[in-house]
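All chains are identified by letter, namely A, B and C, in their written order; residue positions are counted from 1 within each chain.
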Amino acid sequence: MSAAAPDGQWPRWEVFKQDAAGKPHQAVGSVHATDPEHALLMARSVFARRPAAVSLWVAPAGAVVAVTAEQLAAGDVPGGAPAGDGTGAAEARYLVFRKSSHRRAMTFVDHVGEVTAASAAAALAAARAAFPEPPALAWWLVPAASVTASPDAEAEAWFAPARGKTYKQQSEYAQLPQRRRKARTP
Amino acid sequence: MALDRDVADEPARLEDFEARIARGEKIEPGDWMPADYRRQLVRMISQHAHSEVVGMLPEGAWITRAPSLRRKLVLLAKVQDEGGHGQYLYHAAETLGVTREELLEALLQGRAKYSSVFNYPTLSWADVGMIGWLVDGAAIRNQLMLAQCSYGPYSRAMVRICAEETFHHEQGKQMIVAYASGTASQRAMAQDALERWWWPSLMMLGPHDSDSPNTPQLARWGIKTKTNDQVRQEFVDEHVPELQQAGLSIPDPELRFDAESGHWTHGPIDWDEFWRVVKGNGPLNAERLAARRKAHHDGRWVREAMAAYAAGPRGVG
Amino acid sequence: MSLDPRLRAALLDRLTAMADDELILGHRDSEWTGHAPILEEDIALANIAQDEIGHALLWLEARRQLDGSDPDVLAYSRPAGAWRNARLLELPRGDWAFTMLRQYLFDVYEAELLTRLKRSSHVPLAEGATKAALEEVFHLRHSSLWLRRLALGTDESRRRLEAALARAWPYLPQLWQPLAGDAELAGAGIVPDLAEVGDAAGGRIATALKELDLQTPDTPPNPGGRERHTEELVTLLIDMQSVTRADPAAESW
């Protein structure tokens, strides 16, 4: 990212939020920022201004290898380039995320684990072998080295204050009429 | 992203695509989609995103004048949410191969549309409540429908927005109901706000179905599952009784309840006004864009500084 | 919680000063909503503004417990001369550099004040300080990031930051200038020694500026206690109190 880039062309960072300990990090959207630290602060402002969150991860959007079930079926898969994490290592750790339901939700793929591989293509193959069930609708592979996490030591400072802001929480306001309840995710 | 795959809209692929939607599957970035599906979505999502960020302005002006500390917090949070909703929607648009910067450029140059309702001025504190009640009320109706959209990123953005929007609507209603039974001044302020926001809110739900050529195809592709008039009728049926119960008088002499259909029928909408405003000649179109341009222009040195830092910090300290 | 009348009066002054600082700063921050340089920062600053107003409410509620005063009455009916915020906070928001720099200076002072206030012998103060200090962690991270980015970004950002520093510097010491009753409150373990807070905050700020090769301006402190204000506060309050003043009979909003 150089200073000569057109005004406003900040890179995108995919954001993953963990709602509570023991739950997976989930893809919630992205933020525009120029570096990982700034991306984390922005992610917290955009995605954790209401409860619940205990951890955030950010990764440059360009580092994410994304593939849908349809693409896999059509053979449209990432090529076998060497591990793209920039460390020059022969193999790299990839975090694996997948989506397995068409159900309406506000998050996309969920973190299920990790694999080690020498390329994005190898990582995808390893992920499909390691996490076969239930059938995946979409996969994201993210080089672990490209991920920056919110500081665990400051989790309370980052995420607890949102709980106290009841003036902007649904629960504070009148009971919702029955017809609107249908909009909630099942 | 395989953008060139959907240049040739093969009939078989289209059939498969429509079958997926009929089965209730979500289309995700990377999946095959007709060029027109992509185009329509970019248009709809970006217009929606622009509406949210422009929408920060009419209410944002009153944050500094909020008449209680709680109202100040609530309005700050609401306008912040509007920014947040724009943010989620720009993200959804970006999954379709456009950049947020391109979309903003189009908005600032006056080439992009956004909801015409935000081209009206907020003239009193009660306007803030009325916008929450009516404008957000209309928006919620649309959003509930769009949450079922076939395109994954748009659906997800809408589900997140729906979860946050209810508070907007409820706080607006609470404000107006309180003022409608408050001091003479507060009652007059609430009534005046209704008179100025009622028709713009009805128009916000879009032109009549007969003037809405995109709707049938959007319905087939699971993007829009209700017509403008259907949603408008739902909006009217919900809000008329509540406004009347609050002691307010709706500025429509032809408004009446049709016992047979169980619906409220309303008078004619001034579509000349609607098209004037949509095409840029509304009360505040110029001011809204000028404000967004100024913010963008004034922020240029900030964005450049951040980009320069990221490119390699100056070697001091 | 029965305090002797002099301590009670001193504590009321101290709580009012702290509340006014937060409310005026939160108000200035809120002016950016819809106008920030980038969407994500618009959202971030709106959160910071909400936090500050929330802190003001903490201190005003603590004051209500002592003298029954209504926070909204205090916010919406006092003229400029009755406010007790530090003048740094009522200055107009200026450009992004000024807003971020002012936020940074206040965040450092607050961090030093609140960390000591957590040990206050007055329970509502200790509890409020614990809550506010938690939110301040993020504020300081955010404003520190901006201080660094602006200092080391472009020539223009550095120039603007230096101008912001020159503007803010004379107003900085007033933040920790003790009120008349603070010495007695300190003696009773209710507040820390403000001079010590000032030394700690001043030291941290000086170190940060030095690290970024920013010159500490050579200007003397802007004189006068917290009962003195600039004309900026008048304009601010005219706007802030306009709706309530137009309908004095209204009991609730």
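Rule of thumb we're sticking to: a residue touches a chain if its C-beta (ideal position, glycine included) is under 8 Å from a C-beta of that chain, and two chains touch if they have at least 3 such contacts.
Everything numeric here is computed off the predicted structure, so don't read it as measured data.
Visitor: Computing the C-alpha centre of each chain, which chain sits at the greatest distance from chain B?
Guide: C
Visitor: Tell me which has more C-beta contacts between its two chains, A-C or A-B.
Guide: Of A-C and A-B, it is A-B that has more C-beta pairs in contact.
Visitor: Report the inter-centroid distance (CA atoms only) between chain A and chain C in whole Å.
Guide: 36
Visitor: Per the centroid of Cα atoms for each chain, what is the distance between chain A and chain B, given in Å?
Guide: So the centroids are 26 Å from each other.
Visitor: Two or more other chains in contact with one residue: find those residues in chain C.
Guide: 38-40, 43, 47, 50, 54, 149, 154
Visitor: Would you pick out the residues of chain A that each touch at least 2 other chains?
Guide: Those would be 3, 8, 10, 31-32, 38, 46, 49, 165.
Visitor: Which positions in chain B touch two or more other chains at once?
Guide: Correct list: 73, 77, 80, 84, 87, 300, 303-304, 306, 308-309.
Visitor: For a test of understanding, state which residues of chain C touch chain A in their complex under the given definition.
Guide: 38-41, 43-44, 47, 50-51, 54, 131, 134-135, 137-138, 141-142, 145, 149, 154
Visitor: Inside the complex, what are the residues of chain C that reach chain B?
Guide: For chain C paired with chain B, touching residues are 23, 27, 30-31, 33-40, 42-43, 46-47, 49-50, 53-54, 56-57, 60, 71-72, 75-76, 95-96, 148-154, 156-157, 160, 210-213, 236, 239-240, 242-244, 246-247, 249-253.
Visitor: Where on chain A is chain B touching in the complex?
Guide: Touch residues, chain A against chain B: 1-3, 5-10, 12, 28-32, 34-35, 38, 46, 49-50, 66-68, 70-71, 76, 99, 102, 104-108, 137-138, 165, 167-170, 172-174, 176, 180, 182-185.
Visitor: Could you pull out which chain B residues touch chain A in their complex?
Guide: Contacts found on chain B: 2, 24-26, 28-32, 70, 73-74, 77-78, 80-81, 84, 87-88, 91, 94, 99-101, 104, 140, 143-144, 147-148, 152-153, 155-157, 159-160, 162-164, 166-167, 170-171, 174, 296, 300, 303-304, 306-311.
Visitor: Which of the residues in chain B come into contact with chain C in the complex?
Guide: Interface residues on the chain B side: 53, 56-57, 60, 63-69, 71-73, 76-77, 79-80, 83-84, 86-87, 90, 125, 178, 182-183, 185-186, 291, 294-295, 298-306, 308-309, 313-314, 316-317.
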